[in-house]
Structures are given as C-alpha cells and as structure tokens.
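In the two complexes below, chain A is the common chain; its partner is chain B in one and chain C in the other.
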Partner chain A sequence: MSFITAYCQITERSCTINGEIVSEKNEQSGESWFKQLYKELAVDYPKFYKMDLLAQAGFIGSELIKKADQDRLVTYGDDEIALLFANQESSADTDIRFKESYEDKKAPSPSLFVYTLPNIVLGEIAIRNKWFGENMFAVLPKFAPEFFVQYGSILLANDSKAILAGWLGILDGKIQVFVFLVEENAQSGIPLNKENLIKYTGFIDQV
Partner chain B sequence: MNTLKEDLKEQIIEQLNLEDLQVSDIGDDSLLFSTDGVGLDSIDALELIVLMEKFYGIQVTNPDEGKEAFLTINTMADYIEKNRK
Partner chain C sequence: MTYIGAEEIVSPLGQNTQENFLAVRENRSGISLISDAGFNKESVHLAKITLIETSNKFEFLLVDILKKISANIDASCILSERTIVIISSTKGDLDRDIADPFGPSLVALVKRFKLANQPIVVSNACISGVLAINAGNNFIKAGVYDHAVVIGCDVISDFVLYGFQSLFAVSSTPCAPFDANRNGITLGEGCSAVVLSNTKDIFKNSPLKLFTGTSANDANHISGPSRTGEGLYRTVKRTLEKSEISPDEIDFISAHGTATVFNDEMEAIAFDRLHMSGIPLNSLKGYFGHTLGAAGVIETAISMQMMRNNLLVKSLGYSQSGTSKTLNIVTENMPSELNTILKTASGFGGCNASLVFRKI
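== the complex of A and B ==
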C-alpha cells in the first residue's frame, strides 16, 4: 500500500505542514508571500528570485516537505523519486505577464518567456535536488484526486519508490497549493486514496 | 561615466531579479557571466539585450560584439558610451 507521509498546504495567507500552521503572511511586509516563506526556509538558492510564481510554489512546497523530515528523501536513489504535479490554470499567470511585457511595455521578457510552460516547475525541482526520476505535469479541468491515485500507482508499479506530488493552483493572486509525498514502503502514513486526498486538501467543493 | 555604471548595476539587479545582490556587490571589473563573478546565465544575456534597447536605445545585433560588451560593467558602459545615439 502507498502512504502519504508528509504534506503541506499554502494558501494566500498561511502555510501548513502536516496540518499544522508553520507560517502566516505578514501583511505589513513589503515582500511577497512566497519571498517571506523562502526567507523563513533559510535556504541559499538565489535562483528562487528568478522563478515565476508557479515555480516558486513548487520549490517552496518541495522544500517544506524535505524540511518536514530531513532524512526521509535522502534514502532514495536520484531516479527513484518521481514528480507528479497538476493544476487547472497551466502557466496562465505568467503567460498573461509575458503578454503584457510585449503588448504594453513593448519589451518581451526572455526571463518571463522561459516560464510560459507549466512543467518548468518540475525542472526547477529536479535541478535543485538532482533528481532524475519520472515526471509529469497535467493540466486538468478541475482538481482530480483519481489522477494522483491512478497515475501514482503506475509510477510506483514501475521504477519509482516515492512520489513528490502536488496541486499548484496559481492565478491572479489566488494561491491553492497542496504538495505531498507518497511512499511505497512506508510503515505508516495516510493511505493514498481519493477520499483522503479530498479530506486533506480540503478541495471538496472542487471535485 | 561612474553614474552610468551605477545605473547599469541597478538596472541589472532590477531587470534580472538579482534580489540577493546589492549594487556594491558588483565590481566594475567583475565578470558578469562567470560563477566567480556575478554568475549570469544565457537567459540573463537575453535580458541584457532587452535592457540595452529599452534604456539606452541600443540594438545589440552582432553576437560577437555582444559577447565583448557584456563581459563586465566597464565594458558595458564603454559600449553604451560609444553606441548611444
């Protein structure tokens, strides 16, 4: 059986790990919410500042999962951790900003352009961690827990031993991020199934 | 010239989202594309081309010329002085 062994959730105002609030947005700060979280993580990865919001969301989610149990992921080979992400908005948040850069400001931004695909976030996570396993980013009509359960079981039936998965809803200031770790040989955890994903994401109204 | 160099550093930090850097961290002779220097990458090079056109009205169309111009802040400032209309 496969278990969810860690999960984190980020909304516009708060961030939780395994259901416990670990950070709340400081509205007085001049820095963006994701930058606040990055600084709290205390990791040294300047490329974070160049990422778009979708990639920053995936980066922070993956770092929080690692932080939840620092020894857990290092036990896997670099090709045994798969990445399985999805959302509804694709990279629309950055697509719109890129469109503005060439329509309004008359200067198409190369650094925005490179993020006009949703799966770039997978590359950022893979580069950061030197993971070379399977990866998939799906753009779905709505949150679909079955996708994670079914595709996850296929990955685990093959060469993957663990899956870093997540829903990365980022558009127009709205943040709906849920990142979780699925492990095949864990001794305990939350069984990976549709009901539990609905319960722990809290996305019941979207299913 | 010194003001131009300071402006360039500020624009590079702003346009390339180098938020972990201060103007004082970038030396006039620091190699922009070396990991021992500022550590810019190929996407940053494209951003520099956009920056040159946007702020100084200079189109960098010759790749060899751009390669030399973007070596350091000093070479960028020289290139701007020579090509600014």
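== the complex of A and C ==
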C-alpha cells in the first residue's frame, strides 16, 4: 500500500509541515516570503536566489519534507524517486514578467526566459538532490486529486519507489502550494487516496 | 498490449499525414525565411503554417486534428468515458490568455467533441510529446482507460522566438542537426496526434505495438544539456530493459537533434555510451523545425510512417559529422526493413524521455 508520509503546505501567510505551522510570514521584513522560508531552512544553496517563484516554491517544499525526517529519502536509489507536479497556471507568473521584459523594457531577458516552462522546478529539485528519476509536470484546470492518485500509483507500479508530488499554484501574489511525499513500502502514513488528498490539502473548494 | 496508430499531422508541409510524409520522403523542408519576424524586425528562418489565418490557431489546430483522427478510428471511441485525451504543449495559446494558456482552448475542445473526461495537459518542455504518449500507455496498462488520444501542439509566438533569440540559440540558416556547421534551432509549429488503445479493432489501418517508455532527469543544469548525456542514457537504458529489447534489435533511432551545439553533442555521447551509435539515426527538425511540445508526437508519427513504408528518411541539413562521437546519420533516403524504432527527446529542465514501438 502507498502512503503519504510527509506533506508541506505553503500559503501567502504561513507554512506548515505535516499539519504543524513551522513559519508565519513576517510582514515587517524587507525580504520576500520565500526568502524568509529559505533562510529558516538554514541550507547553503545560493542558486535559490536565481530561481523564479515556482521553482522556489518546489524547492522549499522538497527541502522541508527532507528536513522533517532526515533519513527518509537517503535510502532510495538516485533514480527511484519520481517527481510528479501540476498546477493550473503553468509558468504564467514568470511568463508575464518575461513578456514585460521585451514589451516594456525592450530587452528580452534570457534569465527570465529559461523559467518560462513549468517543469523547470523539477529540474531544480533534481539538480539539488542528484535525482535521475521520472519527471512529469501536468497543467490541469483545477486541483485534481484523482490525477495524483492514478498517476502516482502508475509510477509506483513501474520503477519508482517514492514520489515527490505537488500542486504549485503561483500567480501574481497568490500562493497555494502543497508538496507531499508518497512511499510504496512505508509502514505507516496517510493512505494515498482522493479523500485524503482533499482533506490534507484543504483545497476542498476547488475539487 | 497497447497499440499505437491512426497518426495525423498538420504542419507547414501539409494538412494530413499523407501530405506530410510525401514532403518528407521528397526531402522538402517546411522552413522558410520569414521577414520582420525577429525581435529587431530581422528576417528569421521559421517553419510556420501560413495557410491557417486565425487568431486562435492553437484551438483551431486541436479541433482540426481531433476531427482528422476520428476518421482513422471507430469514431465512437472519442466520446467514450474510457478514453482520455492528453495534450502535449509547452505554451498553448499564451497570446490569448497568458495567465491561463490552455484553459479556453480546452473548454472549446471538450464542448465541441463532448469529451467524457477532462483532458490532461503534459507540459514538460521538449519531451512533452514523448512523455504524453508514455503517460497514455501507462493509463491504458493500468486499466484506468482503454484508449488515449495524444495530441501534440505548439504554435510560434513572439514570446518563444524572442526568448530563444535572447539565448542566442536561433540558427541563422535552416537548422542543421548533428552537422559540423550547426548553430542553433529553427522554430516550427505544428499539431500531430496518435491514438493508443488496448483494442486493435478500433483502428482502420493496422496499428503498431507500443512498449512501455520512461523518462529521466540529467540532474545537471536547467538550460544546458548534460556533458555526459546521463539522463538520455538512463531513459533509453531503462526503456530497453523494461521492454526486454536489446540495442541490436533497434532498426532506427528518431533522435531529438535540435541543432544546438551542446544538445546534439550530448545526444551523440549518450548513444555512444549505449553502444548504439552504429544504428541509423535522424533528426526531423530540418523538415519541421523545432515544434517544442508537438515535436515528440510529430516525430513519432513520421517514424510510424517510415516503418509502414520501410523507408529510412534522410536527416535534412546534415552533411558532415559535427559531434565528438560519430553517429550513423541517415544521409540519403534508403529502403530498409524497419521493425523496431526508438524515439527519444530531451529538453530544458534536464528532462529526457524515450519510447519504442514495433511492427506487429
């Protein structure tokens, strides 16, 4: 049986891991909310500052899940962890900024352009962790728990032993991030099914 | 077993599979010099569909290809609740709604064809097409659906062209994959579809057998290909092992071959490591340009036609080896019994994917 063994939620104001609040946004800080979360992670990974918000969201979610149980992911082979992510707006947050770079500033920005694909976040997570496993980024009209259950189960029935999955809703200041880990051979956890995904994401209004 | 068939293509080379394959077998390219196209109003080589004048080209192409596909199969399958439509695309119709690049077109498609299930969009850079076919196959094998219609579609936009220009990745001449003088991509646009099914009877022409494909990340760089070809090496190795096919059973490789210096070098290294560099190989980018999310489906469809016609098709734009490991690039059309074909793709974000299909 496959279990959700860790999950992380990030909204505009707070960040929780396995349902416990770990951070709340400091409105007085001059730093962005994701940079506040990065500093609290206390990892040394300067590439974070070059990432767009979509990639930063996936990076923080994956790092928090690793941090919650330091031994959990190291037992897997470097191609046994699949990445399965989705959202509704693709890379629109950065697409809008890239369009501004050539329409308003008259200088198309190559550093923005390379983030105008939603799967770049998968590349960032793979690079960070040296993971060579399966990748999939899907764009869906709304949060679809069945997609994660069905395709997650398919990946586990093939060669993947664990799945780092997530919904990364990032657009124009809106933050609706849910990153979760599914493991095939876990002893316990939250059974991977539609009802549990609706319950733990809290995206009930969308489904 | 999963069958693959009913392939259709709309591109600058034609409005259907027959027209496209005729152009390819005559070694005609869809690439032409388009004036005022670039960021500085310079002329740029593009593979642009000039016959279709509509503001919603992306939606138009999706509807058009699904109509054409319907004629190649038992059309009632399209409406079935046992059918999933999977769209592979990088940018959809971003000129229509940049904040929702797929939504309006998909709503129109679902309504027009009364699709029973919400289509899934696979947006995974340039491997989207191969990944979408693999996903469709996985859904069928898992019993979630009986049939999958996989549609790859991307259209040329200022957004994407200016972006590749900003990376200095656009070729000054029609792209020349794997050639010593290659210097970048030529953007293209197109739409292609294939049907996957667990039932042979739905196809009007004989389908082919599709094996389980895989994907793998390079874990190296978000926009630069791996210097060791690690991700491509791993996905091909995994796909062959899962299918219990040995490299010497592969009659032809339909490579990605974007014609950037680093991508083609990476692919040559990966195929050398796999001991597959002697297998006849081409890139179809010289015919269709790089159609991004559509590329994997278009190139699979053309490879299926090559198999049906037992014809190796010349890798257009290639004349002299330009990679550190020499590949067996097809330099002239050549009749050849093609029983088993490997299709690969690689893209930004370090992603790589592969699939194999075979004559029944």
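By definition in this document, the second predicted complex is superposed on the first by the 207 of 207 C-alpha atoms of A that agree within 3 Å, B and C clash if a C-alpha of one lies under 4 Å from a C-alpha of the other, contacts with A are read in each partner's own complex, and residues count from 1 in each chain.
Assume contacts are C-beta pairs under 8 Å (C-beta built on N, C-alpha and C of every residue); 3 or more make two chains touch, one makes a residue touch a chain.
Here the structure is a predicted model, which means the values were calculated and not measured.
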Chain B versus chain C as contact partner of A:Val74, first or second or both or neither: neither
Partner chain in contact with A:Val114 - chain B first, chain C second, else both or neither: both
Chain B versus chain C as contact partner of A:Gly123, first or second or both or neither: second
First (chain B), second (chain C), both or neither touched by A:Met1: neither
Partner contacting more residues of chain A (chain B vs chain C): C
Which superposed partner A:Pro46 touches (first chain B, second chain C, both, neither): first
Shared contact residues on chain A - chain B and chain C: 108-110, 114
Of all residues in chain A, those that touch chain C in their complex: 78-79, 83, 88-90, 92, 95-96, 98-99, 102, 108-110, 113-124, 126-127, 129-141, 144, 147, 150-151, 153-154, 157-159, 171-172
List of chain B residues in touch with chain A within their complex: 16-20, 43-44, 46-47, 50, 53-54
Of chain A, residues touching chain B in the complex: 35, 46, 49-50, 107-111, 114
Chain C residues within the chain A interface of the complex: 39, 90-92, 94, 98-103, 106, 118, 120-125, 131, 135, 138-139, 141-142, 144, 158-159, 162-167, 212, 214-223, 230-231, 234, 238, 242, 347-351
